[in-house]
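In what comes next, chain A is part of two complexes: it sits with chain B in the first one and with chain C in the second one.
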Partner chain A sequence: MLKNFFRYFISSLFFLVAYSFSANAELKVGFVYVGPTGDHGWTYQHHLGRNAVEAAGIKTTYVESVPEGADAERVIRQLAQSGHGLIFTTSFGYMDPTNKVAKDFPNVKFEHATGYKREHSNVSTYGARFYQGRTLLGHIAGNMTKTNTIGYIASFPIPEVIRGINSMTLAAQKVNPNIKTKIVWVFTWYDPGKEAEAAQALIDQGADIIMQHTDSTAAVQVAEKAGVWSFGQASDMQKFAPKSVLTSIIDDWAPYYVERSKAVQNGTWKQQDTWHGLKEGMVAMGDYNPAMGADLVKEVEQLQKDLASGKVHSFTGPIYDQKDNVLVTVGNVADDGMLLGMGVYVKGVEGDIPQ
Partner chain B sequence: MSLDINFIGVLIASIMASSVPLILAASGELITERSGVLNLGVEGMMIIGAISGFALMIVTDNLFIAIIGSMLAGIIISSIFGFLTQSLLTNHVATGLALTIFGIGMSAMLGKNFVGIPGKEFPVLFDDLSETIPFFGPILFGHSIVFYFAFILPFLTNYFLKRTKLGLMVRAVGDSPDSASNQGINVILVRYLCILYGGAMCGLAGAYLSLIYTPQWIENMTSGRGWIALALVVFSTWNPIKILIGAMIFGGITIIQLHMQALGLRIPVQFLSALPYIMTIIVLVVISRDSRKIKLSTPSSLGKTFYKEK
Partner chain C sequence: MKLFKIVKRDEASKLIFFLTPILAIILTLIFGALIFYFLGFKPLEALKFFFIVPINNVYGFSELLLKATPLCLIAIGLSFCFKSNNWNIGAEGQLTFGGIVSGGVALLFYGQEGFYILPIVVLAGAVGGMLYALIPAVLKTYFNTNEILVSLMLVYVSKLLLDYLVVGPWSNPEGFNFPETRQFSESARMPILFEGLRIHAGIFIALAAVIISWVVFYKTYLGFQMKVSGFSLKTAKYAGYKGKTMILLVFMISGACAGLAGVGEITGPIGQLHRMISPDYGFTAIIVAFLGRLNPIGIIFASLVVALTYLGAETAQIFLQIPKYTGQVFQGMILFFLLASDYLLFFKIKFLGMKKNELRH
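Right, the complex of A and B next:
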């Protein structure tokens, strides 16, 4: 009896070892998410990207709801140890853990989203130029508003969010100089109840366009009920508010993830810093609501093309801050360094940035 | 902001709407605590109610079934807590915390296939009246049935505890389970019923979020409201009517701070965000100045396991 058991045990051990060797031979890609895959926002879109990699015939693993900090390092290390050849860490706070683990696993490739540290040759960074999408929203908002008041639900005062507010406001001012941007900071990426309340407060104070830099679909639903316009964020939110949503800014990580996974497979992966936008399709727009009217849709589609081709830049001078200091001089455009570190509002935005 | 009377009416209405889940969950928990049981699993029961209600609404397309189902789901999950604490005599605090963690994880698993599906519009009552009557219109009319129920519930709870035999039994069990037991009251049974009732109300509170307030399912969508409801029970010194006041203060400050921001008032946003919590502390301090009164209104056996003497 016992002998039999040992026989099974030994043979299964062999099997396990053989299996793990065979698994090592083919590429496995690991993903680390900051939120649950069911947030229908940021993490959800990364998860769609993972699905695309899987659909391309490459094995993947993911770990969701990993807190930024010590836990993250443990999870990334675990993935690196268990035979993953490429690991995507999809939140800003994973920056240091990713670089730390990368040092110990020179044969594993690492891709860190929205960060700037590439301390080792096996670490790449990538991000998306969401602000280009905001320019389109601003153009639409400036045309569609009747009350000249745009309500903006903001999450945290970091350059990414401030850049979005500025980009939108500049574009809206261009078509409608009387525009006012009202901002409510909710200090969360994700609290449907609070986002709904913020949207309602903005509507009650006369905003007839609601825009958000938070992740849930609550705000567009409030807008639908109140009969004002809104825009989707991170994923296509049209089906949550079919009448109200004019379009959505969609993060599309899938092509990048597939391309980078294939590069590792082919041995052509190189360290790089990627900041893609409309041109490469990392930032995509949802369907335009026909309520905008055919002329405006055409105009926006043209602007989308021009932004993609580089003919138009979201931050073209002259740009002033709230105290009339010149940020960008006439005829020039803001460089990427300035965009990445943006910490002031442009003229026309109401209120102060919380410190 | 035009400070006209209609605007204030709309503002009050949105404050009331935001306080509904707090009132429901806190009223349920209040009954549970009055029977001497401390169930810290409010958040977990709410989130289970939220996903159950939403899932049933999508599957059956029947809002009535969804509402009843969410309460049943609350009852089922609270029965786990009841069995552990009352039959197996486990520690209330630890079991309640486990219930919250279990509920959040379980709801995420159950909800996998319901992410990204828009909810259905919940019918509201007297919608036309809400626009024709100034000020009182938006406050009194155009709300869902659950909204009206929530604002009647504290008064019903108060009546139940003060004027009915069963309510007296609940209070007796909470204040002195030994004497109640000697009087022939089945302490364990009463506590079971109170736990299940609390579960039903928390389930309903969750369903209000996923079916009415923000009609959709998202993981962890209760985002801490269960804990606020728990705090409200203490805040109210176990008095149902004060729950109503506490919930309105809490909801009111949250909403008003958003309005102040939209107005562009130059007050640090972080301070405004912290305001509801600061207010809670201030009110708690004011209430607890009279410590004798607090002691009198706290169920004396709260959180203590009852061993029936053989």
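Right, the complex of A and C next:
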């Protein structure tokens, strides 16, 4: 009896709130960030995307440093309750909370970054084909290395990260078949101390190129000091290590955020699973360091165009795994399904994936 | 010319003892308002969104209780240690390890239903936390190590162990290697008290801990022993108390409470193991324990106040775009003002009348 009362009471509250603002024409867009807005890295790039939405004349709200535990659901729910018509949840750990809240707010649209669950028709997912950027890094690294050893600081053994390692290694091998990729797993997205230690360890093992799938600037700064090459991640990191950084993979969420916000405004928003890359500009490259030489810069710029147009695919066969099994046959390319579930290293990567 | 003089009290004032937490909160509000003012916000409006708006509806209030539950439970456990001069700083580790053990048991029952599952899961978490707290206790009693260092360092050990488990052997086989386990079965989840809210049966565990601790502190020989040891270890020894047993016992109680808090989180709102099962509840609970004066009733209020600073920070950012870290500033200020006003416990301010001859100066 009491239980039923509460059930109806609460759900009627939800609907009351949901309907009262759906009648309200002005759209507000909410953003949930996993880190502080800062001045570089993952969250900073989402924040730039938010700024673009704001610049397009749409009101926005954000909540930063929301832990991916029990707190996420409350924050997302509060945004939904307080009249936000579209909510971007910008980290993988918000996947279940996003879907849970979406169920209670059918009139609010939800966009979850990097996830794979779309349990309700008002939940979309989106991600970027960062592996295309890794192909460019691999091409540069293969040309620039003297020791034929590339050091790679990896965060978690999820398909996204493994795909980046493989994509980079394949591209580097194309220009330099003797390439070896050494990996250090740090099991964190952001820990300057650990990332710096990992970078130093890789340099000590002979790597003269350092790249990372983590968020801080520690690795490029260590590389600058040690006099080896490095690449920026998520944001343009040239200013943190001007000599060492050859280029950066830049996440550019702005066009997508503006487009989706306008779609809600116009009533044309539909559920979708977006995976954009160089073509759409969700993956962008920083300036190329002149130290690469004019010829290599030209080569890379051409490759960037070809990847964007689809003339070149990052995963073109033949591709072998570490045990010489064929992953992709000659002349074929890996389909998105294979890319999304990628769980093995290609040949040339050293070590095992932590299980 | 002196207007007042600071005089040492003959005896710590009991009234002041319980008034200082309130004084600390009032000072925090005043200085919080000043901070808001200098940040360019309307102070009263900001305070309203910080402290009133988050709990002015059923959902908000239930979230406050949900957030306060682990803080209260851990702080109650910690007060056993702190009262008896044992500085257990590692409740976060005991919470994590309790979570690991109970989560492991819950995963063993994956896909099974039955009334017996939840009690086993809960018990496993309590035992896990208890055993983990025994490590610094045993090292302290038998090897004379410093429990602050050992318990603190074990926090990182437990977090790394959790990382390893959710990335490796316990990760969800259908989860694309993302660092998380499967969702626990319904029978391994804390019963939700009201449909549509997240507040769960864990709150009864916290309330039970409050009652039991009150009885132990004020009505039992153990409580008396703890009190004496807290005042003076030498006196305790002279009185012939077996210090070692007591140290082991208070650490075990403290660890069990932290472990249970971990159970509440993973079987309540989270429903699985992943890397972020606690936003440092174990450390924040230290503030709660002292703000509550190591008194069970005080701890209830303290946990609500501190929980509110978390909720308030979120609400203030959503509605006014005040940086979320002001929540931590508030927690810091409360503790700072509490410690500062403790000065009044032992000293009093004596106002001096102006004497005629002093006026000439």
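Criterion: the second predicted complex is superposed on the first by the 328 of 355 C-alpha atoms of A that agree within 3 Å, B and C clash if a C-alpha of one lies under 4 Å from a C-alpha of the other, contacts with A are read in each partner's own complex, and residues count from 1 in each chain.
Criterion: contacts are C-beta pairs under 8 Å (C-beta built on N, C-alpha and C of every residue); 3 or more make two chains touch, one makes a residue touch a chain.
Just so we're clear, the structure is a prediction, and the values are computed from it rather than from any experiment.
**Q** Taking the superposition on A as described, I'd like to know which of chain B and chain C A:K239 touches: first, second, both or neither.
**A** After superposing on A, A:K239 lies in contact with chain B but is clear of chain C.
**Q** Looking at A:G341 after the superposition, I want to know if it touches chain B, chain C, both of them or none. Which is it: first, second, both, neither?
**A** second
**Q** Identify the partner contact of A:F92: answer first if only chain B is touched, second if only chain C is, both if each is, neither if none is.
**A** Only chain C is touched by A:F92; chain B is not.
**Q** Which holds for A:Y62: it touches chain B only (first), chain C only (second), both, or neither?
**A** second
**Q** Output check: A:I165 vs chain B and chain C. Expected answer is one of first, second, both, neither. What do you get?
**A** After superposing on A, A:I165 lies clear of both chain B and chain C.
**Q** Of the two partner chains, chain B (first) and chain C (second), which one does A:I76 touch, if any: first, second, both, or neither?
**A** neither
**Q** Just chain B (first), just chain C (second), both, or neither: which does A:F187 touch?
**A** The answer is both, since A:F187 touches chain B and chain C.
**Q** For A:L202 in the superposed arrangement: first (chain B), second (chain C), both or neither?
**A** A:L202: touches chain B, not chain C.
**Q** Which partner chains sit in contact with A:G351 here, chain B, chain C, both or neither? Use first/second/both/neither.
**A** first
**Q** Can you pull the chain A residues that chain B and chain C both touch?
**A** 36, 187, 354-355
**Q** Would you mind writing out the residues of chain A in touch with chain B in their complex?
**A** 36-40, 44, 151, 182-188, 190-194, 196-198, 200-202, 204-205, 207, 216-218, 221, 235, 239-240, 350-352, 354-355
**Q** Mind listing the chain B positions that touch chain A in their complex?
**A** By the definition above, chain B touches chain A via 1, 7, 10-11, 14, 18, 108, 111-112, 115-116, 118, 209, 213-216, 218-221, 223, 225, 254-255, 258-259, 261-264, 266, 268-270, 273.
**Q** Taking the complex as given, what residues does chain C use to touch chain A?
**A** 57-59, 63, 66, 163, 167-169, 176-180, 183, 194-198, 265, 268-271, 274-279, 310-311, 314-315, 317-319, 321, 323-325
**Q** What residues on chain A touch chain C, complex-wise?
**A** 3, 6-7, 9-11, 13-14, 30, 36, 61-71, 73-75, 77-79, 81-82, 92-93, 96, 104, 116, 156-159, 187, 340-341, 343, 354-355
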